[in-house]
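Following: one structure in structure tokens, then a few remarks.
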Amino acid sequence: MIIQLSDAVSTEEAQALARRFSAILLNDSGERLLITSSKQSDLSPELEACAEEIFSMQSDIQLASRQFRPETREISLGAAGTIGGSSKRTLMMTGPCSVESEEQLIACAEFVKRMGIRVLRGGCFKPRTSPYSFQGLGEEGLKLLAQMRETYGLTIVTEVRDATHIDAVIAHSDIIQVGAKAMYDHGILRRCGQAAKPVLLKRGFGTTLQEFVQAAEFILSGGNPDVMLCERGIRTFETKTRFTLDLCGVAWLQEHTNLPIILDTSHAMGYRYGVPALTRACTAMGVDGLLIETHPNPDKAMSDAAQQLSFEQFEDMFASLKPIAAAVGRTLV
Amino acid sequence: MIIQLSDAVSTEEAQALARRFSAILLNDSGERLLITSSKQSDLSPELEACAEEIFSMQSDIQLASRQFRPETREISLGAAGTIGGSSKRTLMMTGPCSVESEEQLIACAEFVKRMGIRVLRGGCFKPRTSPYSFQGLGEEGLKLLAQMRETYGLTIVTEVRDATHIDAVIAHSDIIQVGAKAMYDHGILRRCGQAAKPVLLKRGFGTTLQEFVQAAEFILSGGNPDVMLCERGIRTFETKTRFTLDLCGVAWLQEHTNLPIILDTSHAMGYRYGVPALTRACTAMGVDGLLIETHPNPDKAMSDAAQQLSFEQFEDMFASLKPIAAAVGRTLV
Amino acid sequence: MIIQLSDAVSTEEAQALARRFSAILLNDSGERLLITSSKQSDLSPELEACAEEIFSMQSDIQLASRQFRPETREISLGAAGTIGGSSKRTLMMTGPCSVESEEQLIACAEFVKRMGIRVLRGGCFKPRTSPYSFQGLGEEGLKLLAQMRETYGLTIVTEVRDATHIDAVIAHSDIIQVGAKAMYDHGILRRCGQAAKPVLLKRGFGTTLQEFVQAAEFILSGGNPDVMLCERGIRTFETKTRFTLDLCGVAWLQEHTNLPIILDTSHAMGYRYGVPALTRACTAMGVDGLLIETHPNPDKAMSDAAQQLSFEQFEDMFASLKPIAAAVGRTLV
Amino acid sequence: MIIQLSDAVSTEEAQALARRFSAILLNDSGERLLITSSKQSDLSPELEACAEEIFSMQSDIQLASRQFRPETREISLGAAGTIGGSSKRTLMMTGPCSVESEEQLIACAEFVKRMGIRVLRGGCFKPRTSPYSFQGLGEEGLKLLAQMRETYGLTIVTEVRDATHIDAVIAHSDIIQVGAKAMYDHGILRRCGQAAKPVLLKRGFGTTLQEFVQAAEFILSGGNPDVMLCERGIRTFETKTRFTLDLCGVAWLQEHTNLPIILDTSHAMGYRYGVPALTRACTAMGVDGLLIETHPNPDKAMSDAAQQLSFEQFEDMFASLKPIAAAVGRTLV
């Protein structure tokens, strides 16, 4: 339940209520909210007396729910402009799976720039499943990304792998990416709740939509209102493709939550041949952003070699997306 | 392995070879093919001597493989024209989940006609999971469908539930629909192999892509070259939506098989709110057909009430699909 | 809802009520039951007046529910005796995946006999996923099985693949096996409902527990009270094993349904190395029966070669099961 | 590939080889091992010259593989004795889901002691999916657990939620539990690799067996040889039970890995009614340990109330396990 407190309630009273009802007290653009578990169904008369407005929820999807705020949140992404709200923009983000070297990253940044794209992605702390393969360049990679921001004016999105380096990622990125395997990591979620940067939260491949949005609630209730949800494929019995992109789930998220939606088709498919068609499908669904892996020489990539697009492939695909975006009343940027 | 026999081989010799090597002998538009399991990897010198051309396959996806025939098969659907081949058409098929009454079906047929759509769907033998709910009108429904063909010139697609009424369905329909739950039914598959009508084969919700295409091989190797594959959602851990539409799987099918692809978004989503956006996504993928449930009064439908679109909802969606089809170089018909 | 009619209601009145309320009228060991969909929640006063007892169900698991009949059904399996009820027996059923030849089947029957086992399994109509592999001996195989019954006094369980040969399977078997791929086949389920032989119904690998038990309801409400449920593994994201045996699901079935439970570990595992340990686990769960594949020469088997046990392996496993059965108060027969 | 270095190779040479071939250099009970990714298939002549023995692996399951060390690792758990090796022990670990208060924990510890059980479990950092529910007592809980060790001589197992408090968990526990949601957390895995305490690693509910064992490889290759694998249910389409316990997967792990196996049936089932039967099944599989939730008053539990056993239920179940353990040649402790 979300209780929007009336102006008559003093700060001290608000804090006392939060303690007494084990509630989270949140300042949400000027409004003070008390949030309690949806399972505490009884509203005490005392709380009711302090309420300006009450939002009674059926589950712990609360701040992210369209029942609470019906409009999609507008999120400002620095030089890349805004998404959500009434912007009708679909934002392309691209770059390599892993930052591998300065040379590789410059090639990517120049390509991105040439395409007129505003957001560069690149991973530095790779959540590999084997200890015996390339683990990423770490902080050295973060510095290379920051250099691309300086030189090319690009907005940088990069992934945090675990709580031990969350501060470094926050310091060097413009958008904090929380990966599919880190999605339940309270150390990361709570720290992102206190960060002043937007968060791109990926769905775990074994994660229900309910749990996914509840992970966003950790960040939102921690004080950071700028969360984007990224669907990147779930794990099913089908193994001919790497994962199964859940567009039914995207339809559910669009209907029920107020968070902008980003789609990552590279990880879902796992093979470059399918990425263009899937990305066209996502564009037609009217999503707020797209996250696609590109590499100057995909076959030599140090991670996810099979799924990254070459620059030529990306360019062809990118051209094909624009009329689809236009057909659904959106602008691809 | 597919061995295309040379003209020098007589009919008797061909039959003898088939018996001797436990192979299927198939006449495929004038070419005689011997097909053996992909596991019999050794090619005997005797077979080799009879071969005009040899297609060695890695699995029992053989006749459906682009390795055998690289072009998508062109299938003629009577009054509805053709799909596949070089047609660049995306064919809309719509109508109610169940045929419920003459009045209901006429309302649907007139709506379909008014939209300029050529194919009417409607189920008569419903594969319900409970014995205590509506089971369909059976043959009475088939006759109503045939009446719509007469009156409105529509192409009829309807579902066979089990082998006991396959002959009635073949007799009264223009396209034989094999549903998700009947997809492994050898009684149906073998009979469809001998039928002179195109087959719309739905993927079982627990069926791998490999098994799905192998089910089509039963029909193709039985002598019927006209099979369409219909993805309609698979069963995953996510239950907020009825099923999970597998567009990664569609990308795989488009890459590897020569069969036209149809998408059913109604069953995948299970709720009407998501059907329009998902159908736009499918259109952008450049599929060959779409199968959508509509009902004159969805809330009163005797089956699948939650997912059928009203005529108004369908009309809005249909208008939105055309520019997307155009954007990917296709015509929506 | 199940309405047990009072004796005052005449046969004509009962039939009239069934028609009027779209209910199924069933004679269940002398009691007349009217069964309506659980969704028709309102009980009309007229029906209430005719009721001896009313069972109001939350879903269409009705005749199979412990709410209706709390005790596990006792099912008589001819020469093999009974299972369920208060028998505390765990019945072993074994034999080859496919009946391949008279010689092979005699070897199996003699082995089964020597082990003191009463039930021989063997498939004649194989629901293969590829048209290019061995499809089973068909009716010739059924006759070989019947011959084993004659010669060795064994109870025969064999599988029906589709509705086209259901009568032949009923005629030649003692227990009708409905396989995982045929589980939704109304042609089979309805015919089994009229058969006077017990049915072993396997769970589809993509089938929920709810749907599985509802498939049994088709048979039960058709008039055949003797249905056994067989768990044989579901399809999940894990592919190192063929399927995933769902023992949590078995615990649910034991708690909520009154049908005896059979476990097939051969298909679940798909590899013989794991079959003995899994079968020990199932025995410890106190199930009513076990269905295990054995073959005189597993590596040469014409289907499922990887998972069938040799006679030596089976013999070792069988010896290890008896003390476990005893430890849970059961007798392995 | 694992290259066991010959004694002739000096420490400096070993380090130089590791750097040059991007290999991990590990001291494994006196043997020096160089471990490289299984994808680097070519063995250089230089490495070959330094090898005492070479283990060529098909995947990055290397140190955990029975190909490398065929015997199950023996792990010493302090006062609780050893598991694995030739011990033939099945170790019971029980206690509440969450440490809630000193009073609750003392009740549990006394019960555990009275049962003759040696290991007490209890969670302090709960990986809840909602920010609005009870999150655990944190370090205060760890201190209560340490107090139970002092007072009752029990071995303590408790869970680390994320990398921010890993040092506190290592300091206060005897066995470090890595939960299903933290299983990919490199911050935790790498720190556990340097810890001198055994690790109980739970399988993520969306995690393949391959990834699961590879997560163990992070710890093993980090220098900690004492890893136990805990299966606790995977997420499937079946939702009548909380998860699906994967005993086929357990059979695979027993066949292919040298790590002791622990089974958690409480989380798999999610409902107490099924826990006893499932735990009997696991015992019959001959696993090395069992992890079961108990609570003095389950209905009032602050987390996972539905699945925790009361002391009476546990006591009944525990008595039933001993003869099953005996039947498979094991001792339940």
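Which chain is which? They are A, B, C and D, in the order written, and residues in each are numbered from 1.
FYI, a contact is a pair of C-beta atoms (placed from the backbone, for glycine too) under 8 Å apart; a residue touches a chain by one contact, two chains touch by 3 or more.
Computed from a predicted structure; not experimentally measured.
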- Can you list every chain that touches chain A and also touches chain D? B, C
- Measuring centre to centre with C-alpha atoms, which chain is farthest from chain D? B
- Query: Using CA atom averages as chain centres, what separation in Å is found between chain B and chain D?
  - Reply: 48
- Query: Using CA atom averages as chain centres, what separation in Å is found between chain C and chain D?
  - Reply: 37
- For chain B, write out the residues touching at least two other chains, lowest number first. 206, 208, 210, 234-237, 239
- Task: Could you pull out which chain C residues touch chain A in their complex?
- Result: 206, 235-237, 239
- Interfacial residue positions of chain D with respect to chain C in the complex: 206, 208-210, 233-234, 236-252, 254-255, 268-269, 273-274, 277-278, 280-286, 320, 323-324, 326-328
- Query: chain A touches which residues of chain D in the complex?
  - Reply: 24, 35-39, 60, 62, 125, 127, 129-133, 161-164, 181-182, 184-188, 204-208, 210-211, 214-215, 217-218, 221-222, 234-235
